[in-house]
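In the two complexes that follow, chain A is the common piece, with chain B as its partner first and chain C second.
Here is the complex of A and B:
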């Protein structure tokens, strides 16, 4: 018996955000990325257009990170050199973007100077042609200074800067407005704060198509279902034409998937869990694949093997059309 | 909910005069003001200001001068279908035909026209004998209109049923019947037709007009109302719409929800 597909008719769509700028657009990027634009729920090709494929930004830190040895092994020789690290991510692992996170700027850590951060940002820009996502160290005051300095020094590059939060968004939004960059609006797994923050940012004058939503997530086994449910509501909001929820979403997959014991405990400790080498990759890849189905447009990832799996997975999901 | 601004109506003195004098200014003023207030559609009704013979030309003129100042879609409101048709020819966006009762010759005229001009239709739950007293007969008329949509090929979501609210100061018993009709009409098809009310009718000539409009709109929205022809310049009434959408979980809450409701 033939089955008629039931199709929803949506009035809205996810807005498109452009990241990076080539020489004609006032920047120096050799590739420019557009995310968003979907007119239906993720990958329902029969129902609406999936305009731009989801992209992967690989994480690069300004200092040698405290990741486990298995994950670090993929980057041997470059972890003390952000520019070389970024190059490896792009040339070898085919990252669509670079996610440069200044964890070394933390006042309670190495407390790197603004000059250092600006220098590193410029080195990474010079080393790769892909667009950059730049975030601070999660110290609100220091982040405001870093982002303002980097935004000015890299004017024209159309960066994605992070992160604006409900109680600390004005400086970063001002920096993005003055120097024409985009921003990440981060809310703590809370749809109401997510929407309110977008309203507040927009009220300052930053256009809606310069905002990307970071809904915050939990990794696989650690609250990913909460993230899934929030993201689904954001996507349904955008499809029902709620302009204050229509932004594409970015997810900190690498950070959350690599936090739990399951992604770090040695094989000898828990032989029943299988090899750590496999577990690390699968934990990150499965977290990413679930969030793709929830509507993620930009995945921030770490492990090259997980990146490879997810790149293939995204290509398959798009090819299914 | 779809807000259809009611103000461009020849029953208002400034609009009536403007129609007689072919002065576009008052029409354009109210178009902009209603859009600013939160209207999604603008209702255009010449009223008795223009003689029947001249109405087609008047509707064409109204559509043209309004579209000079706004991109909002229009609801062409008349019992003169030749006038509506002349207006439809010049609408840049799919319009609403306001309205058709459940009477066969009129159904044939209006639904055929709706298909030809890709328009939506507001169907009234009445016939030439008048408006029913109870919900049951309103819903029966609604069913005739739903069947007509099916017959003529009009997508069911392009049919808006108006169960016809009457002034509460003279016909109080209709108010709960209309609410019950709103609930039942949605179940006539799957998906169901949409519903609309000429809201201001409920408060005609009552001193507490604004309060009655606001209260009845909230009650009707709770019964599933999809659209209202209403005063889009009454800020508190627009706030009621925004708040009902939050409380019905149709829009996601944010502290500034009132502010963004009008902008988008």
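Here is the complex of A and C:
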């Protein structure tokens, strides 16, 4: 019996954001990435166009991170060298972008200097050809300084800078405007604050197609359903032509999925949970695949094995067209 | 307990109290009212006083700043008398009395200022009496004047050995004729009967009889020597913060006198919740807080009666919120506060004045407006009556902005209501320099965008002491306009215009509205970032309440043909600015109407017209109450309204970005 599919007609679409710049565009990237542009809910190919596939940015830190040994094992030998680490992510694990996070800049921690941060950012840029996402250490004042310095030093590279928040958005937005980069607008699982922040940023003069939404997420088993529903609302907002919600979304999958006990407890402690080696990978991969269905455009990931699974998964979802 | 004396300056009043009494209590006993917003819990810091001699016992310094402590300031509610003391009370800690605006101040506004709300009567000319009359006379005509009490002159024939009918039968027979009462019984209470024989004979059988007049029966409340004075009634509005009493001539319908003051219960907290908590602690407390409101009302009645040559009052109609009504009658209020928020009664039995000690004729009846729910009280029923919305086809939105934002929506076929807890900020509460709309309050603000210089208009053009609700609305709109705050209410310290007015203090960001040398208290009057966020919350709550109500009945905003605003702060409200900050829906100015203190107006209407009173009783039963705390609609609406004007710009098309 033939079935007629019911199709929804949407008035809006997710706006497109371009990351990175090649030599013609004033940068040094060998690949430039466009995200967003979807005209329908995730992967409903029969209903509308999925223009750009979701991409994976692999996380690189400026210091040897406090990740569990299983995850770190994939990067042995490069964890103390951000440039080499980034190179490995791109060459070996086929990362679409590099997500460089300056954990070491934290005033409570190693308190890395601005010059150092700039130097590392430049080294990573030189080591890989993919676009970069740059984030600070989540200390608002220090982040403002780092982002301003890196934005200036890397002018022309069309970076994605993070993160602007409702209480602290002005300096990072100003840096992105002056040096022509893009920014991540982060809101705490709240659609209203998400939209309000976009309005505030836009009112400063940054075009809407230079903003990426970080809705903040929970990992698998730790509130992922909240993230799912907020992201779904953002996507429905963009499809109903709400310009202040129509940005592509970025999700901190690696960070959230690797936080819980389930992704860290040794096999010996909970034999019933199975091997940690598998668990770590699956926890991150499942978190990522659920958020893809919610509308994520950029996934920030850590574990190479999880990245591999999700790359295949994305390819399958696109091929289903 | 040993006793000590406390001397209060600058009043130069001395009082002896038991040691251990709080300074707040001592001041109250001395007849000085100190502001106590938190109800004496030591959290608001409003009751600060200076101790200039003697050592007091301190229990806590609350949120006094280190600067204040260094100046020898103490929280009067947390500081106990331990020995003889001399206390200095600064003007800002004093509850200013007798400054309640009983007059609709719209009359005082510039007539050219079209931006303001004002009833046309107010702007054309004249005294408040006229405004009130014009406003309500139509309604009075519609309902028909038939007051809740009446007074008749009766000339009886003197009894003889052959005409030996008893006194009461003689009187009632004559009354029946005069009143044309038909089947309606005429009753006489024992207390009047007890002195009736003497009254009749003293008057030589020519008497004036005052009766209360209800559907069910007439009741004689006073028999006196024959005279032609009219019967008087009182329209009383008991607000959480202020109380207003109007003396009404029941034969003409005119308001003869009007008085207002603060509700003395305020010493147990600014809001109804603190008062319920206090009252529920013990039966003595319930009685005590009841006595305070009775005393407040009696004080006003006494003032009026003294001015009017000791006339007597036959009846009263009282409108107040549910909590006030219960406290007025001394009914245990505790369950109003507790889920599922159930009031003791909606319909309230009329009581004789002697039962609650009100200074009316002892047998005079006190009628209290029925309530709809715990947070939609008789004051709103009274206001709804005045809007006349329940008799028309058109959909009307009625908003009473007080400590709560009560909202009623509907027409002749249906009425829904809700209460949105906006907080006292539009009445000046919870704002660093907030004050009620009274002389000395900044009511209008303009900020020059190029220089950030401020231009204020102060009520009665005296030096400013603070800022009232309408000033706050203006202030927010102007701060946003000038780019001093962003749409989320964050202060922009990196403003391109360098101004001394905009600065960061140790614990807050502030903008100076008036410099110390220009003010009453010799202190800079500022608005802080916290104040701004408070106002955003309050306006968000009111707007979210409106949206929730509209959603509940699936009515679009442009289906509303009239928006009626009531409340003390509405007198000066700028519609433009209110829309700009997202307090009120973005509709054309012509749709907005202001009716001032609707609660007391409704009480007067009911006093003069039995039909109106019946309609009020009917209204309270007809109105559907929507509890906003159920479901997620209100919360969703509230969060999206916490932005200037709103997260959804489509709701505010006229506000230019």
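Everything below uses one rule, namely that the second predicted complex is superposed on the first by the 321 of 321 C-alpha atoms of A that agree within 3 Å, B and C clash if a C-alpha of one lies under 4 Å from a C-alpha of the other, contacts with A are read in each partner's own complex, and residues count from 1 in each chain.
Convention: a residue touches a chain if its C-beta (ideal position, glycine included) is under 8 Å from a C-beta of that chain, and two chains touch if they have at least 3 such contacts.
None of the values given here were measured: they were computed from a predicted structure.
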{"item": "Combined model on chain A: chain C and chain B, fit or clash", "value": "clash"}
{"item": "Partner chain(s) touched by A:199 [first = chain B, second = chain C, both, neither]", "value": "both"}
{"item": "First (chain B), second (chain C), both or neither touched by A:24", "value": "neither"}
{"item": "Touched partner set for A:108, first chain B, second chain C, both or neither", "value": "neither"}
{"item": "Which superposed partner A:237 touches (first chain B, second chain C, both, neither)", "value": "first"}
{"item": "Which superposed partner A:80 touches (first chain B, second chain C, both, neither)", "value": "neither"}
{"item": "Touched partner set for A:190, first chain B, second chain C, both or neither", "value": "second"}
{"item": "Clash-bearing segment of chain B, relative to chain C, as chosen among 59-67, 167-175, 185-193 or 239-247", "value": "239-247"}
{"item": "Residues of chain A contacting chain B in one complex and chain C in the other", "value": "192-193, 195-196, 199-200, 203, 244"}
{"item": "Complex contacts: residues of chain C adjacent to chain A", "value": "486-488, 490, 492, 494, 639-640, 642-643, 647, 649, 657"}
{"item": "In the complex with chain C, residue positions of chain A that touch it", "value": "166-167, 170, 190, 192-193, 195-196, 199-200, 203, 244"}
{"item": "Chain A to chain B touching residues, read off their complex", "value": "191-193, 195-196, 199-200, 203, 233, 237, 241-245"}
{"item": "Of all residues in chain B, those that touch chain A in their complex", "value": "251-256, 259-260, 263-264"}
